[in-house]
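In this document, chain identifiers A, B, C and D correspond to the written order of the chains, with residue numbering beginning at 1 in each.
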Amino acid sequence: MENSKKTTISVIGGHDCTAEVESLAHKVGEIIAKMDCILVCGGLSGVMEAACKGAKSAGGWTIGLLPGKSKSDANPYVDIALPTTIGFARNAMVAASADVLIALPGSYGTSCEISYAFVYKRPVIDLGGWNIEGMVKVSGLSELPQAIRQCLSQRDGKE
Amino acid sequence: MENSKKTTISVIGGHDCTAEVESLAHKVGEIIAKMDCILVCGGLSGVMEAACKGAKSAGGWTIGLLPGKSKSDANPYVDIALPTTIGFARNAMVAASADVLIALPGSYGTSCEISYAFVYKRPVIDLGGWNIEGMVKVSGLSELPQAIRQCLSQRDGKE
Amino acid sequence: MENSKKTTISVIGGHDCTAEVESLAHKVGEIIAKMDCILVCGGLSGVMEAACKGAKSAGGWTIGLLPGKSKSDANPYVDIALPTTIGFARNAMVAASADVLIALPGSYGTSCEISYAFVYKRPVIDLGGWNIEGMVKVSGLSELPQAIRQCLSQRDGKE
Amino acid sequence: MENSKKTTISVIGGHDCTAEVESLAHKVGEIIAKMDCILVCGGLSGVMEAACKGAKSAGGWTIGLLPGKSKSDANPYVDIALPTTIGFARNAMVAASADVLIALPGSYGTSCEISYAFVYKRPVIDLGGWNIEGMVKVSGLSELPQAIRQCLSQRDGKE
C-alpha cells in the first residue's frame, strides 16, 4: 500500500448486534479493504469490531475513534486507536472523517452519526433498514462496491 | 508494513516556524517513520507539515487531526486526514492519541497540547526548549530514538 | 429569583422555521420561564431565538451553547452566551445539559440532539411531530407544563 | 437582577488547593458577584468550589461547565450545572466562554485553560503567580476590580 491521501469509509452501527449483522459487518469490512480504502469507526464492539475484523482479514487498515482516553478500549482489530477523550461527541468526527459512511443496524449512537453525516454533507449508504430520506439505498451487499464508487465520484472536487 | 496495533507518536509545534525548526521537524518525522511508528499531528502547516513530509520521505504514515470539518485543510503530506470538527478542543486528542509526544517550538496551541499530555499521562519529549518540569529532556536529535524507546517501554502494561 | 441548583430545559428545533413554529417556540419559552426553569438552547436563530424571546418576555433566563468561538453569534435574547468552540459536537451538550428537552420541528441538528437525549437518558417531549419511539407525547401546548413536571419528578433521585 | 446579555468571568485553578488559595478564590467569587458578572468555571472542587461559594455568598450566579455527563458532579455552589460530556476538552469552553479569566494557582488543567485563553484572545488576570507573558498582572486582590474593568473596556467592540 503506497502512501498518498487515502479514502476513508466509516462503518457505523450498534455496539451490540446479532450474529447476522456481525456477518454483514464483516463482509462490509472486507469490501472496504479490497477497495483499498481505510476503515474508520468508533473503535468499540459489535458492528465496529466485526467490520474491523473483516477489513483486516482482507489486508486492510482500520482506525478507531474511541470515546474515552485509553487505547486499550479499542477492539482487537483496530490498527490505529485514537482516544478522542470527548465521549459520544466523537460521533461528529466519525461522520466528518469519512468520504462515505455505511450504516448498519444500530441504536441512538448510529442515528446520531447519520444526522451528523447529513450536517457535514457526507453520503450515507443504508445497509441497516434505516429508510431515512437522503440516504443512499442499496438492495444488498452486491451493490455496495458500485454505490461506494458512485458516492466517491460525486464527492470529487467538492471537498 | 503488516497490520497490528500501531505505536503512534504525536509531533506538536507551531503552524508557523523558522526554516531551522522546519528542518528539525523533517528529521523528527523521518525518525518516527524509521521506527515504524505512525506520526499523528494537527494536520496543518509549519512544524506539522514538515514532520509529515519527513515521515513520508522515509516511507512512513501520517495522520492529521484537523480542527475543522474538511479534509482539504490538511497539508499535502497527511495520508489520513480526519476532520475532528471540534476546533482547537482537538488538542486534547492530539495528546491522548499518542503513545509519546515530541514537542518542537510553538506557541499557545503547543503549550496547550503539552498540558493535555500531562493531564492524560503521556510522556512528552522536549525538542523545543520548553523546559517545563515533567518533560523528557534530550540534548539533541541523536538521542531521540533512544528517548522514544525508553518512553514506550515505560508505558508498556500501563495503558 | 433566589440562587439554588436550577432546573434546565433545552429547547431544540430548526434554525430556520415557519411563523407558526416560531409562535409555538415563543410560547414554549414563556412556559419554561413561568415554571422558573432556565432555558438552554443552541443560541442561534429560528426556534432557538423565538424560544429565548418568549422566555425573556416572561422574565426568564436563557443560555446559548454556541457552536463557534464568539459571543456575538448569539441571538439577542440569549442572556448567557457560551461559545463552546466545538461546532455541532455541542449538540451532545445541549442534550446532556437539560433535565428535560422539548423538541420542535427541525432538521438534522435537531434529530441529532434527540439521539443524544436518548444516549444520555434525558426525557424529550415531542412538540414537532417527530413520532420517534421513546419520546414523550403531548397533544398540545396545554399539556406541556404537566408533561414537564412528570418528566422532572421521574428524574428525581436518578441523577 | 434584570435580564440582559451578561458579562461572564471564568475562574480557573486547581481542583485541589490550600486553605489560603481557597480563601483567595472565595474573595474572587465575591468580587465577581458584586460586579454583577456571572461566574463561569469547571464546576468541580478546590478553587472552583471556593469561588462559587464566594459568588453565592454575595448573591451572584454561578455556572459549572462539567467534564462529565451528570449534573451531580457539580459542587454544591453551582447554580447552573452544564454537563459538557467532552472531558477536559471542555477547557477550551471555559476559556472561550469568558469575557475575562482570572487564574489562581493550579496544575495542568489550569495551564491548559490559560493557553486556550490566548488562543481565543481572552484576557487572563494572573492571581496565581503564573508569570506567563501576556497575562494581566495585578499586585493583589485590591487591584482586581479595576483590572477586570479595564479588560472589559478593552474588549468592547471587539467581539
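In the analysis below, a contact is a pair of C-beta atoms (placed from the backbone, for glycine too) under 8 Å apart; a residue touches a chain by one contact, two chains touch by 3 or more.
Owing to the predicted nature of the structure, the values given are computational and were not obtained by experimental measurement.
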A-D compared against A-B, more contacting pairs:
A-B
Among all other chains, pick the one whose mean CA position is farthest from the mean CA position of chain B.
C
Euclidean distance of C-alpha centroids - chain B vs chain D, Å:
31
Chain centre separation (chain A, chain D; CA means) in Å
40
How big is the gap, in whole Å, between where the Cα atoms of chain A centre and where those of chain B centre?
26
Within chain B, the set of residues that touch 2 or more other chains is 69, 85-89, 92-93
Where on chain D does chain C make contact in their complex?
1, 3-6, 8, 38, 40, 56, 59-63, 65, 69-72, 74, 78-86, 89, 92-93, 96-97, 99, 120, 159
List the residues on chain A that touch chain D in their complex, please.
69, 85-89
Chain A-facing residues of chain C, complex:
86-93, 107-109, 111-112, 115-116, 118-119
